[in-house]
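Quick one: the structure is below, and I'll ask about it shortly.
Labels for the chains are A, B, C and D, by order of writing; each one numbers its residues from 1.
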Amino acid sequence: MTAVLEAPSESRVSSQVALWRLLLRDWVATGAALVLAFVALVAAFGPMFVGDEAAQQNLLDANAEPFRLSDGWLNVLGTDALGRSVLARLIVASRTTLSVAVPAVLLSLVIGSLIGMWAGYHRGRRETVVMRIADIILSFPSLLMAVVVLYIFSPSSANLILVLAITRIPIYLRTARAESAELQSRLFVDAARTFGTRSSAIIFRHVLPIVLPTLLTVATLDFCFVMLSESSLSFLGIGIQPPSVSWGLMVAQGRTYLQTAWWLSFFPGLAIVVTTVSATILASWARLATDPAQRWRLTLPRGRRGRRAIRRAAEKALTPEVQ
Amino acid sequence: MLSPPSPRKPLLIAAVLGAALIVSGCTVANSEYVTGGGAGGLRIVLPEEPPTLEACQSSLTSTGVVLRSNITEPLVERDADTGELAPKLATAWEQTSDDTWTFTLRKGVTFTDGTPFDADAAAFTIDRAVNSDLGCEVEGYVFGDTDLDVKAVDATTLTVTTPEPDPILPLRLSFVEMVSTKTSTTEKVRVPIGTGPYEVADWQSGQRLSLEANPNYWGGRPGYQSVNYVWRAEGSVRAAMVTNGEADIATSLAPEDGAGELAVAYRNNETTALRIQADQPPLDDIRVRQAINYVVDRNTLVKTLFENLATPAGELIPEGIVGYNPDEKVWPYDPAKARELVAQAKADGVPVDTQIRLIARTGQFPRIAETIEVIQSELAKAGLNVKIQMMDTNTQLTYQIRPFPEDTGPYLLMIMHGNQAGDAAFTLDQYMLREGYQSSWGTEEFDASIRDAEELKGDERQAAFEKLWPYEQEKVVQYAYIAHMSAILARSASVSYQPDSATGDEMRLAEMSPVS
Amino acid sequence: MSTAVMSVHDLTVDIETPNGRLRAVDGVGFDAVQGETLALLGESGCGKSMTAQAIVGLLDPVASVSSGSVVLNGTDLVTASRRKRRAMAGPELAIVFQDALTALNPVYTVGTQLAEPFRIHRRMSSRAARAEAVELMRRVGIPHPESRVDAYPHQFSGGMRQRLLIAMAVALNPTVLLADEPTTALDVTVQAQIMALLKELRNEREMAVVLITHDLALVAEEADKVAVMYAGHVVETGAVAEVFSDPQHPYTKGLLESVPVHVARGSDLASIGGTPPDLASIPSGCVYQARCPLARDRCVAERPVLHQVAKGRAAACHYSEEVSR
Amino acid sequence: MTGFLRRRAITSLLPLVAVLLGVFFLARLTGDPANLYLPVSATPEQRQQFIEQNGLDDSVWAQMGDYLWGILHLDFGESLRTGESAATMALRAFPATLQLAFSTMLIAVVGAVIIGSWAAYRPNSIADRISSFLSMTAASVPDFWFAIIGVWIFAVGLGWLPTSGVTGGMASWVLPVATLVIRPLGVLTQVVRGAMVSALSAPYVRLARSKGAGDLRVVTHHALRNAAAPALTVAGDLMVGLVNGAVVVETIFGWPGIGKLMIDSILGRDFAVLQACVLLTAVSIFVLNILIDIGYALLDARVREKVSA
């Protein structure tokens, strides 16, 4: 009955166009996408323009207040305890932050979900083993792991990513396992199985598309968790080593100044929050937009008044045609 | 120096957030919440809970600050301001032979468990702390592997004999806190029995420690009947507790913690410095070490990051320690000279491009991270390849104390040295001798002059020590001294107390009293 | 005897899509008569289920009734308040859904779910409602209802689940019962049992049944009247026997010719050429023009309205006389 | 069910041992603690003596043997730092953590169910957008901001609450719990909302409506229980995090919980205490996981059958 909503005749190109149009209709999601694009651009090109400024210390102009243009536009967000421009540091930090947080989240997402889906699909002993391993990682003090890495290896981005990824794997593993265990008993999986499809193919073709939206939602929320964990590791010395800088490190270092120079940790914190919230908004939008059964929600005019207005307009437009 | 938080913004936010709490029916908090102490009680908030109050561990800062001169007392006590020794449980002492000191003990003192304090108790305590297998902190800290021969001649006379003549034995013994003979000799105890003005009344591990005034104290009643210690790791919370009236004294604050007008800054004995691992190229070239000294802008650091609470340093001990050189020469800031020196070394084939690690301990002192970043930036400008590495305490200590890890490559280590003992010998043995536990390098001549100076007494000793500092700066250059540091505590207006340089190790409750 | 208990008039349903608004149901009208079964017949996508959903007020939020009325016992369901509708859902109007497995709540026992109508509308105690549930289960032919009342939906077979859905729908003796493809997922023997049960209950409780289906055979056996739907429009109505023996709309005729029983042995089985139009591209004239063998200029220019072609019969075709020939 | 519990307990035992051994070995990889516990001027002899006294010179296998032997006799060793029994220290800190964790989860779950269901009831509506936005923000704001700013406003600025501590009755719970609840509340609200959106569009909800069930009944009776499983999974993960200790809150508010104790013992290389803490939290996490499995079974008969099969 609702076949029309699934628009089976639409070609791939036009469905992409429709997706864009759908996005543009939703101003909140559009805004989120713009923010993310902006962050990505800043991370990619920003350091080229302000790289030197971010390292330029000026102890005599330390902790200058934000929102004053008298010291030039670079200091518009104030300066830090060493008189460096907070704005320039935010820009430089965006690259470090993304280059640690994104790989860490992706790594844990990919490993966790693959193992989780595999375990959930096969159930039985494999599932038990995998779940118990997740239990082990979860009940293991992640800080100890960090200290071990710090002690045996040297703190580097790669090690940082590794530590962060390992501690987050169980989250995806458990989520993926739960959903895939539920799915493996469904009819369409049975059907695929009776055709003799290999289990890996079933997992990728039938289980993954259904589990992925949930996993992506978890991942976007985890994004901020990872950014903040990275900052807490810097207290131990395993985090980003200065003079490199990340948002997490800025938040961590600025924390002691919350009362006297709030801008030191407020702006990087805001950057983390805004980025995460944008990612989450876009993820939940994408989740609706790519799910044929839920997509219609996005087309729903908001509020009763809006709906009535649209209906009236539509009636006017349609009336002559019908009669 | 300490800008108080602007009161407007929080109030505005509070007005919004507050509504929720009014609904939940919260009542107005008062100071009783935290300490539970009634009127007349003194409330002190420390950065961490004392791990133990075992008397022979009193050289641990977090133990000593509660224990020393409050619960237990030593034979002699060092005056932090003058450096002179003052009588405590011993009324007099003299060197009766080259290797023996004789102490006359105070009469009529009893421990809080009723046992009398006499020469037997003193001998028991010293044997327990120094000669036993307990592995006491004090033993390692002040006596090394020296065993003492202790004898109770009569009830009030004690002789202590050392294998080698020791001109500063009484000073060393000022670290040994006297405990009752009923104390276990086979294991450490958590709560000691002492002779001090206070005794432990209640220790709720993790929450609070309460002391009550010792009713039979030999030295008169202290200003407060009871004292409550609590601990909070966050400096701003400690400061807030005092400004909020939940505590009377808060220690170990940073300038930005927000204690406002209640903040009291005081000189402690700590001096910060970079130790240069001078056996590793390119740091084995003296020009590189000199260059490092030239680029540390001590004056600006002190003026800005340390908020004028420190003074630029040219030696490892501050004023007030025997051996301090009052004509302290501080390296000038001269980046051009530094670049030139590095360039010269490079021209002579010194591998100045080798990566040098700049190692620091997280939380070693307020604004350590900022300080390290400033220094790294300056060193890089001088043409050195310097990488910062922050470490946790245990890891950093492996780099600080011999035996050093192997194959480390060159590194600069941020150290902070506090000479609690009051005599430069403690510093020199550790930090200056070629094989000193915390020294990376030195010269034979320097070792010899240190050994010679340590044999001397009185003014000769002082004069000999004084000469060592300029010599180190000129000929050895193992260190880039940075600053003599200060500490901040918050003190409520109702308490009268003046901290001194020893307060961080030994906070004497008897010196505190209510403002009348 | 032939009292219309529910009249649907000019019912129009629109859907919001990313590409604009579509008309899924356009001016549909029919009467449900007490004790009779009316079949809404059509291919999938023709708007018959959406019509049912519009009547019971369970349209997806993207769809909305933009005009028309559904009058049941004197109340227009389209304009009635939510509260009023809720009060009528169950005692006056009930629906049997097609997919019994997903329609039953997996986490509750069937007893709890069967008892729900009694709890909501008659405010019965849980014990009394449970007794009613057992009674209902017995009535719809579930063996050992006392022991099975605490079982969960997944513990029943497909046919049993459908019986449970029917039991739930007839619990409060509704005036009108909508059955939306009630037998689609079932095998033939079970299908027959379910339809027999429905008929029995209809006669016993004197309900008007609206049977929504794409199955011509089912309509022929079970229904008294039929309304044939195509692309959101009713194209032909009338008594089943008459419509099937003498279709007045080319679509009805095409449908009948595609079913083996209606074709003389030996002749080719016909099928309707083309596919139903996309809702987004319904032509302005006759909705069936693209597939109609009789289509001519007038069909492109002018949309035929449903008009009486014989007593009790109507068709929406300009050339209905030609069809029967 | 008992069969399930027995099997579950057996399969859980092995990971428990794995965690213990893992912690045991990894902890010893972080360097011996002699430097921390001996004065900097300690001689090599004293160092050696310390190492021997604490059994750190034995092979790791011998140390592990001692440790396991000790566990069998309920002897978990002594703290290097305080000289107290490690078990005593861990057991003393754990109730404080549990109290905090339970109160936090209770508030988070109740709040998330109410807000999440309300938002899911009209997906994409203004109310949904606002609550989603707030919960996402809540889930991504650094917790120590809340803590420090909370102290600053409510304790210092307004004087309504104590800055910190545990002995101040209910008032001293407000800031720690508020700080802790923010993230779980945000995350759970999102999860509940998502699950409720799909549950509310499920056919059984339609059936319920066709029976004349009102909005409240549809949400509370029909949708919520179906949406509970994913929420339970996430709530479980969040609870695991809380049981492992809320380090920020414990540090800032001086809450004597297990998180701070664990960090202190890691930094202090106080192996015995670390092992005791990990044993305690690992056991409770396994118990928690079993409770969650039982929760699934209670929610859904289909799971129940698989469990008892």
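One rule holds for everything that comes next: a residue touches a chain if its C-beta (ideal position, glycine included) is under 8 Å from a C-beta of that chain, and two chains touch if they have at least 3 such contacts.
It should be emphasised that the depicted structure is a prediction, and the values quoted were computed from it without experimental measurement.
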Closest chain to the centre of mass proxy, which here is the mean CA position: D
Two chains sharing the most contacts, counting C-beta pairs only: B-D
Centre-to-centre distance between chain B and chain A (centres being mean Cα positions), rounded to whole Å: 46
Computed distance of Cα centres, chain D from chain A, in Å: 23
Where chain B and chain D are represented by their mean Cα positions, the distance between them in whole Å: 37
Set of chain C residues in contact with two or more other chains: 60
Contacts with 2+ other chains: residues of chain B: 5, 236, 392, 395
Junction residues of chain A - those touching two or more other chains: 147, 151, 236, 258-259, 297-298, 300
Chain B residues within the chain D interface of the complex: 5, 7, 10-11, 13-14, 17-18, 21, 24, 26-29, 32-36, 51-52, 54, 59, 133, 135, 137, 139-141, 144-145, 187-190, 205-208, 230-234, 236-237, 240-241, 243-244, 246, 392-395, 397-398, 400-401, 426, 429-430, 437-438
In the complex, chain D residues that touch chain B: 30-31, 33, 35-43, 45-46, 49-50, 53, 79, 81-84, 89, 92-93, 96, 148-149, 151-172, 174, 251-254, 256, 260, 267-269
Sites on chain B touched by chain A in the complex: 3, 5, 235-236, 254, 256-258, 300-301, 303-305, 362-363, 366-367, 369-370, 372-374, 376-377, 387-392, 395
For the chain A and chain B complex, residues of the former touching the latter: 55, 57, 59-60, 62, 81-82, 147, 150-151, 154-155, 234-237, 241-243, 253, 256-261
In the complex with chain D, residue positions of chain A that touch it: 28, 128, 132-133, 135-136, 138-141, 143-145, 147-148, 151-152, 170-171, 174-175, 178, 214, 217, 221, 224, 228, 231-232, 236, 251, 255, 258-259, 265, 269, 272-273, 276-277, 280-281, 284, 287, 293-294, 297-298, 300, 302-303
